[in-house]
């Protein structure tokens, strides 16, 4: 279980997150909604260890995630598809993916199996496997970023706006894939602007506003909430 | 093809193509953009949409075909010459000068309309003073159009994602273009912001601009476009009005998927109220 | 009691540091000895010395700056060990404030300037040319190959040797000079020179690289003789089999001078290495300056000191006189017998040098 | 531009130059004058480098070569052809600008690190050519006896105290040129190129021609400095035209603050003087100087002018939040 | 013909020397993009350590070489930690100037400890090999062989092993590398250590051919930077080809044109190649 307690994050004097509390239960998909600059990415960066919090705790099954060491977090089963993708542009797509499985570097067979799985998930990447990741189209790069996160075979998957720049058809496929991954037992925390699609697969959700959790509830509750409908669903 | 009675094309491409190594990223595309209208270009990831923009704006040199803008051949022109002719663009991932002020960004966009060079700078000629004042004016005008005038003095990097996108658009507008190319302007925006962006684009077109945009957000595409061009594997597979295209089986098969009308189509009707 | 500062501007860091340090060691040693003996007596006052050494990395403009700094500190005697620096600051010596420029360079142009405040220590290199040529031509044959270094100094040597060799009736191959300081591997230059099948090779630059050139030539089967430029010292070429040096002519090692034993022993005790003529000549130079001050009765008037230099060098006690010195020429040149030698089986045979002034 | 930069402002510069002009009246020693003149010469070269690195974002490593070309042009023309310094100097500047143009035409095919190393290669070639072209440059022996500028108005420029004013005038001209360039429409385009070439191109800037002109200005300033150097030192050797000099000046610039107006002068003055002091440490001078460099780069990455900026900003923001838009 | 072959051997030996030094730099500059101008200093230090171990401990040459490699590797790792790691986000010129500061320090320190004089290391395998009039020393043969061996090893390491890939990954996106679980601190130090070891091995192999002096790294520095750019940044085969090309240009340029211009010819080749192929001979591989 992911447990976030009173988490605060500062950028210099600016406080991007204020005492955020949230949980993701084993096997849950939890969606995080919020306007631009609400602090979603900040939360993700903190959970993956790229950003150190100024207060509060975050634990995954009791393991603290706030040590500022992403390599520690990923080796304990928390893997992120980050905002901005953070790919290795001059390395081939396949090397990018293999590096995604860095924590399983002693398990070559497992990595090979996982590689097959992500290629079936994103067939567009197969013909690009030897191309430098930087030469791919924007959407193709996004696919690599998601696939790379999956290669770590995480227990908790952090997806920061995975649908960014993807064609509608692919967005559908990604969400289906997330659902499938989740059904295999992986917990998912998902930030999305495409709230409609996200809420479609989520069990629960939180709304982040100005760095604070302003609303939380089940899929049904959020879909029925007027504020959510007007601000994030556009209806 | 522009329908009869519609305005004359501002841009025409014929058999346009480019390949990178063995990859034919854009192939034999023939199309035209009617003046004063909004053309959307859609297609799967890697279809060649950004590449298409890169070809028009002179970033890539095509390996085949021709581009005509306002009746003149611009196929072999360099990027800055293309901009000077009146075609401006934004990038898929927001690229602006984050450490410079919003105003500076816009003034850089206006550079193509000024002539002052090194000697003007050294001698502080009349041209230098004239161009300096002109840049400021042109930049402020562009900022006003995107609603950023009050933020002119702030570092561009301090703005929100959406604000930065506007800076990018202001930079393009400052070059006083006749045709504006927007590559995924709504990526990463929430529905409310998307609606704001739509009204901004509509206003620009009302002001006489021609717009071509690449976008995966069907709400925006369907709500804005007068004409849609669909690319797939670098080739044009369909062209027509939003209604025509969204019914085209080839487009649904390649791009829209089973739920072609799902997602966020609801907002296409209104949205002009926001400034 | 009074302490008089002596100035020195030379390369103390970078590629030529070993050279600048060698020069400095000679001056330092002389000052140490003088001070230990209680200094010199100038007008009844005990005068000791202190060396103010500044790095100029062999750059003439840095030398100029250093000299201005030294003179503004009231220093009246300045040692400079490279031609470029010497020629740059020579015009400054006679201006206000003037100073005695002790020049350690064998570049004849320094004397041509006829500066009345220059004291040049090493023998002019052109003294060596004729005996070197005649010795080697007789011993090995009439064809000369050139693999000298391409510094200013090296090029002059090359030109002079070429002229003299032709004058004495020999033929000279193409010039294969290389920069000894930047060349990583000398093999190809040597290969090129040996392709012309010379009887004698002209080599020389700093000692160790020169030794490597000699080694490369021997390894590639060269059996002839070498003419070694005066910058290179046999006693420093310990890095190659000594048999390779057989049949070379060059400057006689300082150790081989009859009067040098005391100096050599003391130097080795202090610096743990064999002294070269860099150390020896500057040692003598400093001793001479101190003595000239005593004779002139002033430590601050360069003109008066310069006037007494001739008397000073001839009256140096045997214990500090390494070379047989005859005086100082009107142009300011130390008139010393510096001896050249040819090598055979580790033994040095002296060559007679003509006197040319 | 609104980007904060070290700007003591017009008055600050005026005061500085007036004070500098008064210095020789205090009858300082030859050494003080020498340091001052040297500082001004190297600062000019640093300004030239700053036009490229600071404003255009490109690192040219052939700068000492152009400095050398300027110096040798003046040296050869005055010494061998008997030209007046006042004619040879502008000629040298124009020559350097033209050669800069030539270099740019080829070098701008490359980008980033490759550009830096490419120009480094050109710098090495320039030095080697100077070193080997005996007939023209005197080769390794160098050129000795370059005359000081012809005097006028009763000023004898062979005296350091008078020559000082030649250097000062050249420095003032340099600062003026660089300041004007920086604040101009042209200068803003250079900054745009520094921020990203592709973006600048798509904004409609003719990147290539802007870079060419920046390069010409930059090498012309190097030639200007070289001319002063030749007439001042009177001796020219090839060693001063090599990469070591380029890196030394780069160091001055970095310590002073890249992309600032005061940085080149500040950095040159500080490091040049500090190095003079450190000579007293003899064998230990580089033992101290090396780590000092590392520390400077680490703890004052914006350079001294940058440090000043930051503290001034802090003070300013502590007082009021007034936004000032410097043009 | 023998003459041509002799010069070819001379060029190969010189190319081997260049290649060995350049390979270490390929890692830190070509791959990690740290403009380590102190590389020449590490190379110089490698020669001095070899010298010191040989004369101080009297161990065999190979042992001295290995000890020097280990010592320089440790020092390089320390350098990464103390100097380059804190500068990882700074512009390139900063790291460059800092590296030059380090180079200054190393040279001065070595001069202080061992003096400014040239030192000589005896050839472990003295003597020459005469192949029908073409003469090559065993030491030079050793250098050629070693450079090829090191090249193969390094190429395998970079392209075929995951650790090699992590070095490239880290250089391209540090955060991305951390996200997939790479301990970038360790990889950074490891990379520097390898590069330092390579520099030391190169120096130990070359030292018997040349004179050891505090400034020996400076000449090499410029050349190997040029070689890496010439070959194409980060390309191991590129570095090798660049090294041999430079050597061939210097040797044959000196032979057929004028020795005086040998060094100019080398840089002229660099400038010419880059003018025609701005990205270098080999594009960066994936």
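The chains carry the letters A, B, C, D and E, assigned in the order they are written, with residues numbered from 1 in each.
Rule of thumb we're sticking to: contacts are C-beta pairs under 8 Å (C-beta built on N, C-alpha and C of every residue); 3 or more make two chains touch, one makes a residue touch a chain.
Because the structure is a prediction, the values reported are computed rather than measured.
Novice: Return the chains shared as contacts by chain C and chain E, ordered by label.
Specialist: Neighbours common to chain C and chain E are D.
Novice: In contact with chain A and with chain C at once: which chains are those? Just list them.
Specialist: E
Novice: Give the label of the chain whose average Cα location is farthest from that of chain B.
Specialist: It is C.
Novice: By mean C-alpha coordinates, which chain is most distant from chain D?
Specialist: Centroid comparison gives A as the farthest chain from chain D.
Novice: Quick check: more C-beta contact pairs at D-E or at C-D?
Specialist: Answer to which pair has more contacts is D-E.
Novice: Nearest whole angstrom, what separates the Cα centre of chain A from the Cα centre of chain E?
Specialist: Once rounded, the distance between the two centres reads 43 Å.
Novice: Which whole number of Å gives the spacing of the CA centres of chain A and chain D?
Specialist: 50
Novice: Go ahead and note the Å separation of the Cα centroids belonging to chain B and chain E.
Specialist: Their C-alpha centroids are separated by 49 Å.
Novice: Where in chain A do residues touch two or more other chains at once?
Specialist: Expected reply: no residues.
Novice: For chain E, what residues touch not just one other chain but two or more?
Specialist: Expected reply: 107-108, 111, 260, 263.
Novice: Specify, in ascending order, the residues of chain C that touch 2 or more different other chains.
Specialist: Residues 13, 150.
Novice: So which chains end up touching which?
Specialist: Pairwise, the chains that meet the contact rule are A-B, A-E, B-D, C-D, C-E, D-E.
Novice: Spell out the residues on chain C that touch chain D in their complex, using ranges where they run on.
Specialist: 12-13, 53-55, 58-61, 64-66, 68-69, 71-72, 83-84, 87-88, 91, 97, 150-155
Novice: Can you name the residues of chain E that touch chain A in the complex?
Specialist: That would be residues 162, 165-166, 168-169, 172-173, 175-184, 284, 286 of chain E.
Novice: Per the contact definition, I'd like the list of chain D residues that touch chain B in the complex.
Specialist: Residues of chain D touching chain B: 1-3, 177, 180-181, 183-189, 191-192, 195-196, 198-207, 213, 216-217, 323, 325, 327.
Novice: Using the touch rule from the top, collect the residues of chain B that touch chain A in their complex.
Specialist: Against chain A, the touching part of chain B is residues 20, 42-47, 49-50, 92-93, 160-162, 184, 187-195, 216, 218-219, 254-260, 262-264, 266-267.
Novice: Per the contact definition, I'd like the list of chain D residues that touch chain E in the complex.
Specialist: Touching chain E from chain D are residues 53, 59, 106, 109-111, 113-114, 117-118, 120-122, 124-125, 128-129, 132, 243, 247, 250-251, 254, 258, 283-287, 289-294, 297-298, 301.
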